[in-house]
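Take a look at these structures.
Both of the next two complexes hold subunit A, though its partner changes from subunit B to subunit C.
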Partner chain A sequence: MRTEVPVAIAVISGFIILIAHFFNIAPIQAAATHLQDWGILIAAFAIVVSAANLLMVHIGRLSNQREEAWKKVNSVIVIGLFLATAVTGVISRDHHVFNWLYDRIMLPLGVTFVSMNMFYLVTAAFRAFRAQSLEASLLLGAGIIVLLGNAPVVEAFVPWFSKAATWVMGAPNMAAQRGLMIGAAIGAVQTGLRVICGLDRSYL
Partner chain B sequence: MLPEGRLFEFLYLIIIGFTMFYYSNQAKKGKVPKIARLPALDAVDEAVGRCAEMGKPLFFTVGSSEITDASTAQTLAGLTLMKYVATLAARYDVPMWVVNRYGATHVVAMDVVKQGYLEAGRPEAFKPEQVLFFSSEQFAYAAGCAGIMHREQVGAAFMVGQFMAEALYLAESAAALDCISIAGTARATQLHFFVAACDYTLIAEEIFVISAYLTQDPAQLGMVRGGDICKVIATILIAVGAISASLGSDIISSIISK
Partner chain C sequence: MGAAPNDNTGKKGISRQFMYLLTVLAILLPLVFPVGMPVSVTPWVEKGYQHVEKLNPGDKVLISFDYSASGAADIHPAAEAIFKHLMDKDVKVITVAFVAEGNRFPGMLMSAWEEQGKVYGEDFIHLGFLSGHETGLAALFADIPGAAPVDSRGNPVTSYPIMDGVKTVADCKMFIGLSGGNPGPQQYVRQLEPYQGVEIFTACTAAIAPTVEPYLASGQIVGLVGGLKGAAEYETVMGYAGKASANMDAQSFAHLLVIGFIVAGNIIHFTSKKNEGN
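This part shows the complex of A and B:
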């Protein structure tokens, strides 16, 4: 029963949404709209469960005698900021404390992380571009062409580099990307059909 | 009856469904297709075994995958591998850290890991506090993942599902620890980061055969063959479309848009 009931719900819901996508039948359309609304509600409740999990983990850490001190300090900060954001956000979405927490902490930290990606890009490229095999050599060659083709100083002296870079991005790169996208799309449709038909239960 | 522009979509869905079930039945009758080796999936047991030998935990995330939007298929693929890894982790007594970005995915992941421990016969070893939710903010989640990897000094990192700009950050965090990293996504814009930074990568459609590959179930292997036939049909349509468009005919585009 533990598996059969969720599978039955998935099968019925999936078929209703699928039929509503293709056929304009009023009762099915209404049922599909209700199901999608329920999905949004369930996801909203799941956030509450997840937030409770976050609090439980950190409260558990504070009450654990053997836990290291710095982890306890970290938990106090997390719980404090969590409660401050949640309470002020519930009072008003325009609360000055809520806005301050978002603008002065959340946003700068997010931007910092995006910026750090550049450094990671360099280290990843350094490892990937080592010409140890034919494939890696081709990657290195394509990488050099695209890098130099996008550098204004190179374009000023060697104009064909820019055209070569455009060709690499527009022809072999785009062809490979579209091949991947078509394969992935068909794979995703198949996964959907397997789940809707109740044939794939490996995630349960 | 069908809204405009949905006829071809509907017919192609029927073709996909028909080929899936036809080859699945053929496989059940004994004509089981062979599937290409996937080094990334072959390395899963080795990665968990390495963690057991070194006494290190492992890390798993399905990335920015939701279960209520278009990324659901990738989420399910990631959760399938998560369950398999959880079973191995329970069997070899390897602590497993799971970090999720979205609430709904977190709830399902919690149940998937629990089920994995149950199937391994060690439900008492499951620790709910090791299946974590930090934030649905993209880089807060990414920072949480990297923090867990570094603090716990993980021996293997699994990243399978839909990933966005955090893909490179997570892959490089795993590489910095010198742990075995196994990644996979169907998102073409992030795939190259995984290929460059991870030890093993499941490329695009490969993540959708995880279940068939790991279970070697004939019915599921048959479905994979059905999918390949559909890809051949798509390729033929593209080739015919390209040739006919070059000759000034829009026959294929007019069929597809019906």
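This part shows the complex of A and C:
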């Protein structure tokens, strides 16, 4: 029963969503809408579980006598900010403290974190991007054209770079993307059919 | 950090610290002393602009803010430009977020426009965050008040005039997806396929912009604003210089620096290989 019931739920749910996509049958459409609403609820519960897990990990670290001091300080900051955002977020969906925490801490930190990639990018460009074979040379050429085509300072002096970059994106890139998409779509259809037919039970 | 076997940094090449210093200068100097190079507009930004331009005052548009704080530098300038365009045309805007961190961005834009006389609930509304990614998309498109019964301010969405006559996404003229990953253009196209009358316009990070090309060519997506450059193009076609245009000089010089390092790396690599051969 521990296997059959989840598989039956997956098979029935899959069929309902599939039929609702192709046929306009009122009871099936209603059932599909309910299933999708349940999907949203399950995902929301997953967020709650992950938040609880984060809290438990850091509380555990604080109670561990052998943990290093700086890690405990880090955990105190995480727990403090977690509680501040959670409490203000529950009090009001548009609480000024919640918004301040997001605008003044979360947003600058997020942007800074991604900006750090630039330093890795320049060292990687210097160390790893080599024209050692025909394929690597083509990749290098295409990359340089797209990079230069997206730099207005270059466009101002060599206008055709922008057109060349548009061609690289619209011709070879699109052909490759289409191949990837069609391959992935065939794989998705196969996986979907296997789940709906109860042959793929990897989710158990 | 250990050096890679073919590492040119260090004694034989350019030190990592010097590269970092050049990177900082290449980005910082154009921000302090802007050059103000003209930005040319690519076809897909122009087409997206034209489709928004065709909207009539009072038409309804659904915008999804699916990017996090880390993607904000790349996408938020585009969101500002497109939102400004819609507000200038008196289009009614319904916003939602399928990424938790994206939930804050509509509020930022709306509060700025409220100071300029636009009214929340009449000119725009934010439905809040909806979990479930693609499942959330499908549920919202099929039944907007059902999937999001209360807005970001905690009131029933049906109590606002902007929501009159809005049941499904088919009641909106256009869907604009602002994406930093998942859900993204592929998910939008998949879930909007049954609603043929709704045009899809997307703004996404420069990293995922190449994946949108097939959908643009097929007409399933009517326009694309790719990354900060795309946002600067959208500002250009709208006839104003915003945040994206201001940052274009820094991006240009950063691109040139990366190419300079690629060329220098190759020259050093092949020169040292030749010397080893001799």
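Quick notes
Keep this in mind: the second predicted complex is superposed on the first by the 170 of 204 C-alpha atoms of A that agree within 3 Å, B and C clash if a C-alpha of one lies under 4 Å from a C-alpha of the other, contacts with A are read in each partner's own complex, and residues count from 1 in each chain.
In this text, a residue touches a chain if its C-beta (ideal position, glycine included) is under 8 Å from a C-beta of that chain, and two chains touch if they have at least 3 such contacts.
The structure displayed is predicted, hence computed values, not measured ones.
When the two structures are aligned on the shared chain, A:Ile47 is found in touch with subunit B and with subunit C.
After overlaying the two complexes on the shared chain, residue contacts for A:Leu109 are found with subunit B and with subunit C alike. Of the two partner chains placed by the overlay, neither subunit B nor subunit C lies in contact with A:Gly141.
In the overlay built on the shared chain, the residue A:Pro152 is in contact with subunit C alone; subunit B does not reach it.
Contact with both subunit B and subunit C is seen for A:Leu121 once the two complexes are overlaid on the shared chain. Once chain A of one complex is fitted onto chain A of the other, the partner contacts of A:Ile186 are limited to subunit B, with no touch recorded for subunit C.
When the two complexes are overlaid on their common chain A, residue A:Gly80 makes contact with neither subunit B nor subunit C.
Looking at the shared chain after the overlay, A:Pro172 reaches neither subunit B nor subunit C. Judged by the touch definition given at the top, the superposed model places A:Arg194 against subunit B, while subunit C stays out of reach.
On subunit A, the patch touched by subunit B and the patch touched by subunit C overlap at residues 21, 39-40, 42-44, 46-47, 106, 109-110, 113-114, 121, 123, 125, 127-128, 177, 181.
Within the complex formed with subunit A, the residues of subunit C that make contact are 4, 6-9, 13-14, 16, 19-20, 22-23, 27, 35, 37-40, 42-43, 68-73, 100-101, 104, 107-108, 128, 130-133, 135-136, 138-139, 142-143, 146-147, 152-154, 186, 194, 206, 209-211, 213-214, 217, 227, 229, 232, 248-249, 251-259, 261-262, 264-266, 269. Those residues of subunit A lying in contact with subunit B across their complex are 21-24, 39-40, 42-44, 46-51, 53-54, 56-57, 60, 106, 109-110, 113-114, 116-117, 120-121, 123-125, 127-128, 177, 180-184, 186-195, 199-200, 202-204.
Only residues 1-3, 6, 9-10, 13, 16-17, 20, 24, 66, 68, 72-74, 76-77, 79-80, 83, 100, 102-104, 106-108, 110, 112, 115, 128-129, 131-134, 136-140, 142-143, 165, 168-169, 171-172, 175, 186, 188, 191, 193, 195-197, 203-205, 207-209, 211, 215, 219-220, 223, 226-227, 230-231, 234-235, 238 of subunit B touch subunit A when the two sit together in their complex. Subunit A makes touch with subunit C in their complex at residues 21, 29, 32-33, 36-37, 39-40, 42-44, 46-47, 92-94, 99, 102-103, 106-107, 109-111, 113-115, 118-119, 121-123, 125-131, 140, 143-144, 147-148, 150-156, 159, 162, 166, 169-170, 173-174, 177-178, 181.
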